[in-house]
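Okay, handing you the structure first.
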């Protein structure tokens, strides 16, 4: 079992699995060794898309196959943890679709098992591999924005309401992965509000605030009932501010040379002794346009080869699940803050 | 003292007073009888803008003048209640800049005094007089949207931070007036989060959620530190949904013929038996383009003449102040919900 | 040779051929029977994309194969006519990429040969099969716009400059097909201006005006050197006006209820006794979102089966080539008008 | 008659005159000494707007007044030349609304008279005083765009059709002034097409191409029948390209670091050995936001004082009128090119 061109099996060929299979098939550094799905219809689709690739209708058979180095788990959320644990026991590296698990306890067991078995655990927080997101991280890390004031994201559309998880686990999970990637500090508490508009269904609209020990604050608005699709993030800093519009094909990142300065002479009786610096230019930097999943697939291979460390590994995914769980609790309590720190 | 063409005196000629004076000077139904300001520089500006109009440097003098029918109070928030009470005692009708007062107690005393003295109390919630806002109210009231799901507003810009009130009292007050105008039901609780980024200054970013007894939910995002100016409201309904962009000079109101329908056959295992109706058209209705302050000024005159009842009267303003006060309390408690019902 | 599920061979697997092959492979009504290309590299790509489909490196072999009912010619423009003529002689139906030929003489010979041999000749003017373009045709044909005033199109981007044909033959050809599809009347003359910015290269910027016998006028702006991509068409009518933005994923078609009315009382001394009617709404109708090539592929099959007549047939394509040829002539003469009527 | 704070009289208080009067009243360097209009209603409006300013109902009286240093002529186009000539004879400096005259002959007589009498002649080509236009001139003059390829402007809206002049003289005049300001080279010929849609009325849609001796080309699209208002200019250069959108309140100027480079290895058989450089950033420089008319008014005063030379003087205006006249001629000839060079 040589890992130089690792053999990868994609498990689950529903909505996301085909994207994973396509990317592992196309990068030269890995070998798409098989596709596994319990549903014969899905296997039929896999056969058309990837003629010649081995098809499995049994997950156990995949795990028994010694030539398989790694599995990509693209199945429903509730099955992530059990499938991941079995794979780790069978000595396979794993790439798990987001979120790592539907609760903190399950997610923790996967992270611990991966550590114990010394296998790579990568979680598919795709946005962290997108060129624009990485470009903004560079701007943050090189202190071009100065101290950060706030993160504010709107991620809304007319989306299919899911039966078992709220819009938080479907959409806010993306923003939490971006926040974790951009912001070094950890949030200390979360407040979340929202509403469900169809009886017996999970929340379709939610608003989540993350509190930090300094003045920094993060807010995420997710909504499955919006007539328009919006993917807009504001990132306010002391020196510069960014508007990231993921739907704009050309002008995704706008960097505003604007900010606030403390002034000696108050402007008026009722106004604080602060002034705005508006005179700066606006700048739209270019960034790497490579498809995020391709970057991620190559990163997974490099982790297997021991050349890189997971950018979106178990601990990162665990923090996200922890915040989602706390947000759900706050949501039930109409926004009452829930602490994220301390032993749990 | 005949009220047929009432004599109006504008008190305070700072930021907002000039707009008020200009509109009362131009409508034929009222007479701009004077301008009052304690600051000689402001009186000098008033003289240039309105040559021939009587200037007062003393508020008491205005109130003693029997020919004055009404005063427009456009002074700092903290002075609204005392000036309003004195005007009512002097038997003048009043139009007060928003918010009516800086706290519920003061606002209540003004409302009670106006009722007792039988004078008109109008509060300057300007947006309720804007053509686009009134057009959307028509669409709501004629049930074209069906049951309402949510109200979501973003009102952010790089604005001057105020010394004594938070961004809630400066910006969210507008959304609360629009919500009160559009939505018949009353909110039962509020949760609010936010942050201040300059030591000793009030909150410059805030997020406010209003809970209602049904599934309807309202959310307001206000921010003084945004690099871009945004004024966008989403209004989701069962049958139709609206996007209101107040900054678009032409396409302010977009009505989307989209919604959610319950389906018999679930789409997939993990998805709820709901489907989206996306096939409808988008429609941008025209609306009255008259300047809102002009409509408001004429409405004030008609209220004085007894021909109309205040659209944004004392009780409406009181509810807004009550919500703002509760939101401030929730903000201190990191989002803990604060009830709005019950005797107070 | 039964045409009920006709056997189609795609000839040329460069830029456009793969799209054609993919669509004929996916519609149930036709059979993608083969792919032909003289370049082994292209055949290798075809093999990967369409495993199991017969590959031809010789066009003559395709034509000798009696089981082949039709060929899709997706080769460079200069080869269209010779390949088309050979296919018609071999009794095959043909679908030819746009433009039908590089000059009027060649195009005419293909049209005449198709008529003589009684075979289907369809030219790939894809836009005429796009839902939005067809929706606008409906609005025109149902007289909702009233008399038409003008057609104005901007089709610019940073595109690869072609060695042998000017931007007219690459981009304006699309607008000419749309004009032919929407406008019943024929243009009587053309004026064209433009410029080449690289020595020895064809024009990369061009402006084309079509004159009609009434007041209607059409203008097309094409440009390979634009920093931004624009695809915007204005269509002015007596009763309504349309803005078609092909790059807007949602709001492609906007119908403006605006126009001009003759007024009795002139507004001023210097102004004509005309007034604008601006009070109408804006409306964004929905339309069929099916991929245009798929609609076209199915239409080609239906033409072969004798169920439909070519929407973009030989005569339509011939008119377009005639206009392009006249425009080129006018371009050399710095805009001097060239007649399109008369015997040629 | 001291010119240090020159006394200015605005002649004509219709559409444009009030803007001129307001600006001359507000700049400290000039004195708005009077307003002249033959129409008593206009004088009444002037009285309200500028109480205390001397009103004239006779132009001759203005010219006889020795205290008047300069007149601003804001009357219908056909009166520009006669009023200007009389003012120059009366030894007044003049600022004339655009266009300087309705034909080349008249414009020339004014320019010659101003030279002979040694008075300042400024023509109100306002755009040349706008911050964004001046910023772009800086970028051009500092060679940041490299060699220029093309100028392309769209200036369309639903505008009041004028009785006596075509849309060229109303709208294209602005673009010609901008072209003259930005581009050092002179055009050698013009081709113009267009159409009139109302019997007996001048052209309401027009397209104008300016040819230059190199590859540079300029095109202007003006239209009074557009459902939407557009003010967009593309400026293509070898090194950088600009999109100027005058209607965007924030992002007026976008500088694209894109261009074309000659490549050694051709991309494909049918493509020229050129490639596009797309990797550059987009940049939105800030610029002076001062109202253009104010800048222009101060410039006029400085010209009177002898401190500056007219930026939009007689010769500039003359060239514009010459192009408009030639364009009208080409328009009658359906685009036939008309030379601009040579003795006339």
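Annotations
In this document, chain identifiers A, B, C and D correspond to the written order of the chains, with residue numbering beginning at 1 in each.
The definition used in the following text is that contacts are C-beta pairs under 8 Å (C-beta built on N, C-alpha and C of every residue); 3 or more make two chains touch, one makes a residue touch a chain.
These numbers come from a predicted model, not from an experiment.
Shared contacts of chain A and chain D, meaning chains that touch the two of them, come down to B, C. With centres computed as the average of Cα coordinates, no chain lies farther from chain C than B. Centre-to-centre separation between chain A and chain C, using Cα means, comes to 43 Å.
Computed from the mean C-alpha positions, the centre of chain A lies at a distance of 39 Å from the centre of chain B. The set of chain D residues that touch two or more partner chains comprises 228, 250.
The touching residues of chain C, when paired with chain A in their complex, are 51, 228, 250. On chain C, the positions that touch chain B within their shared complex are 250-251, 279-286. Listed in rising order, the residues of chain D touching chain C in the complex are 14, 76, 149-150, 152, 154, 156, 158-164, 189, 191, 193-198, 201, 205, 207, 209, 211, 215-217, 219, 221, 223, 225-228, 234, 236, 241-243, 254, 256, 258, 260, 262, 266-272, 274-276, 278, 330, 333-337.
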